[in-house]
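Scroll down for the structure; my scribbles are underneath it.
So that you can tell them apart, the chains are marked A, B, C and D in the order they are listed, and the count of residues begins at 1 in each.
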């Protein structure tokens, strides 16, 4: 692991010389190694980019970064969390997978630290088990599909076929979709997690003849599904839609031309028209030579949230209540557009529709089509009672 | 289920089975003949796909890339066998499992160092990119038909080699009695190396053919490895015929299971099948070395 | 190298006493200069060690390569977690109330593991060699997918234990308290199993791994003995699962994946199969190597994999045989001189 | 013949019409055969005559297709091998089969323990259990292995392992001892030692001795049976067998001339 960025090295120097007052310790636990290491590396690249662009500082404070690899294993993540807790880390972030987050979140919050999520935010933590120190910058899981539900309801879609893996996130996403979509559901299929072959399910889709297919298949499953769907010849007949992150840059190059025409919701787009986003996208392409994925974008935005809140409190996180109030009340302009934290600390944000096309350089991109929802809330906010 | 759908699903099951046979053939031969459990077989599957994806990018010709990647992976297998594995034929299964488990970790990271952690693109060959009509109202991806045909050709070739040639005779003899084979004056070491390299090439072929329909990514070999091990033991270790029949059985059961049962059941169906078969036939359907 | 040739290695038992003394002193060391985290890290290592000690009873002494011991681990951990879950919700399971009292849920977990082990053992022990390996793998996969599909207990997300687990009122106040509990339980089972392998029963188990035909010819049918051994082994690993639930306060299907089973086999072989406590060495090496290597490089699995290969090639008896090898070298020198 | 004599003559082992086929090959062909109490009964025959197949059927590893095996008046034709062992049928193997990773002493102790029938004991340390060690040491002494008691079975010579086999078989207090080529692969010296060892057992055990070494068989046996192609072509005293023309033709002819 490129453990110590220059920023962390400098911060460590300061730590040794006793300048601890203005140092903020951030623990970034993510999936860096093993087969699932791709998304974690995207996220850490996004976070690092912000530090590199800002001389390793956030809100005037020196940042001491602690990078940890969770191998996508809950117990390894817990071990990393234990280690960082013992090193008095102030802010945790980075975790990609819900089950990994859930294994570690209790001790992290019990230690008095903040968790500011760049990706995982399962329904429990948005609702009944919400916590005053847990913030999700990216999204609550369901939100990735809620905007899609809003859009398809408004456009009067009917006879829609739903497909997702049989695990909690899969159920969350489809629940999010159905929260706003009232039309007829032609079929709802849950497949085994990690399934390689979808030919049987695709044959069933053809037989059911729906108007549209909505699918949620993260990572390798998405590559398999979209390739196989296109090869079956159905792409031209029954269009497919997916939620945000559904066909992002972490899998798009691997799917290749088969992905052209896939419609996707998006909580962020690389074509988003604001200054901060341009700084991010151009900076990322320059630093890493590829188009950023939403995982990188959300980690970058998480860094910007921490930066903005630290700025509000003058670069010191010693006063936890002040930092929390700053997060809750600050005026933050996200690289996505409108953004603020809801009462359950989940984001209220806008939602866009994109479609996969080739850009001028022949690269596959999610071209931005329209904004389809504003100030989208998650569905669990009413269940959450954060005691001041 | 209409007739058309039934035919299509049967084809899907058959194609999945043939694909599994391609992966399993090499594994079961190595297992049966050398009594060697090669968990790194899945890594060879992965190398095949990654190498082919790279050669496609360089040459632009799928079939050329296929041949190059099969040869390259065969060579990797040859080197592996020659340098390390041959020292482990007489060691316990446990040591073999541990050794090849170590290889999986090493190969995954080597792949990541060379190709990075983002999955690779692998387009369909141009002539097989469109689905074809196989029955009125039933379209089927032509590439999957190609897998089916290729798999059956490989199966046929293996049968001919094993049943009709001198090499095949050695292989059969080796599978049932190693000491006797060496007593016959056969250069057992050479036969083993060739069999291992051929097994690696077959794994690569399977990886390459699965490249255009599924994700070419690190770790792609592990789920396939488990399925291949399941096929191996159901068929009977060392039996190519058993592997073909078991693979098609698994393909069919998995395909129809996914359509007819909820995922909680369909995801354990093949394991259930295996446990039941082994409970009644503890050495698989076609035990090779009696 | 076969099990019987590994048995040639002369490994004394006294190092285990030294290891236990050092482990008992670890919290003292962490108080002066170390960190709390050291205790957490060692706790994890010791729990995995206990799970692998359980496995090693059938692996090292019975010659049975089981890839389903993670499922026993999971049965232990999930039983505690599910009972605590119902306690937290205040509802019932099959008409019985939930509980966070380990004096109830602990024995319940072990009992379930015994039942599960007898039922599965009767099935898998009908097969041998590679077929046995695959049978156990299949059963492990079935339980894994079953837990993933069981949405009521979190599915793939796993489940958090919210109420503090306690022993009829006594709560584990600190990481050190949990650590010492784990250490004592581990020492107890190492002692127990050490007695067991030297008993008449243990002789039958070791003999069955050497030569089943011979055993039958002298009048002992190994099946029932192997079944009893498999059950004991599963129960010990389930106890490790219970400790896991206590220490992690969280369980998930990842805890009973076949990867965890394979990890346990690696830990046992890495440590050494010839001694009951071999896996303790393996677990310490495994956890510490993983921890320190992953701090150095993202490609730590490459280094780790090479390490495993090196041990298999150079020290077929595991880390224990490092000792024996060194001794052999010294002896050789003395002999020459 | 008085009743007493009749009981005395009731053989330890009696085979009636025993038949075993492998595919088209008949390995045991309607064989009638017995072993009397206290005798050493030699069994000879050319390679492939079906000697080992016969031993395996008596021990129980192979199930005959037809016929019956009567052991001490009891039909054990379908009894499992470990049950037969319990009843008193002990076997030494043609290809040495001991617990290689155990010491010589532990090997014999295992057999003593099996004979004692208390193997679900979980606690007592057997390495200090004199009820196992003492009889085991006695047996090692009997077969002349006292000196190598603490050596691992895999580290001793082939001849010593054969002696160990015998000690293990004796440990079971057998009523019938099946010795499958106890001298196979032994050198002259080891072989001689084995012959004198077996001589000391004469009269104390009922022994079925399968052996290629003609000198040994003719020296040791009370009676000899000749097996050819699964059939017993002659049974009788060594002198009678030596002079039997049929035997000479079928078997001895090749060897002794």
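Note that contacts are C-beta pairs under 8 Å (C-beta built on N, C-alpha and C of every residue); 3 or more make two chains touch, one makes a residue touch a chain.
Worth saying up front: this structure is predicted, and the values here are computed from it rather than measured.
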| item | value |
| --- | --- |
| Intersection of the contact lists for subunit B and subunit C | A |
| Chain nearest the global centroid, as defined over all protein CA atoms shown | C |
| Most distant chain from subunit A, judged by the mean position of its C-alpha atoms | D |
| Chain centre separation in whole Å, for subunit D relative to subunit A (CA means) | 75 |
| CA centroid of subunit B to CA centroid of subunit D, Å | 48 |
| Whole-Å gap between the CA centroids of subunit A and subunit B | 36 |
| Geometric centre distance via CA averages, subunit D-subunit C, whole Å | 44 |
| Shared-contact residues (touching 2 or more other chains) in subunit C | 2-3, 145, 148-149, 299, 301 |
| Residues of subunit B whose C-beta touches two or more other chains | 108-109, 112, 262-264, 267 |
| Touching chain combinations (by label order) | A-B, A-C, B-C, C-D |
| Subunit D residues within the subunit C interface of the complex | 59, 61, 80-83, 85-86, 90-91, 93, 97-102, 106, 109-111, 113-115, 117-127, 129, 132, 152, 154-155, 168, 171-172 |
| Residues of subunit A touching subunit C in the complex | 1-3, 32-34, 37, 69, 71, 73-76, 78-79, 82-83, 85-87, 98-99, 102-103, 106-107, 122, 124, 166-169, 171, 192-193 |
| Of subunit C, residues touching subunit A in the complex | 35-37, 40-41, 44, 145, 148-149, 151, 154-158, 160, 248-250, 252-255, 290-291, 294-301 |
| Subunit C residues touching subunit D - in the complex, by the definition given at the top | 2-8, 195-196, 198-204, 206-207, 210-211, 213-221, 225, 228 |
| Footprint of subunit A on subunit B - complex, ascending | 2, 5, 8-9, 12-13, 15-16, 108-109, 112, 117-124, 129-131, 139, 141, 143-144, 210, 212-220, 222-224, 254-256, 258-259, 262-264, 266-267 |
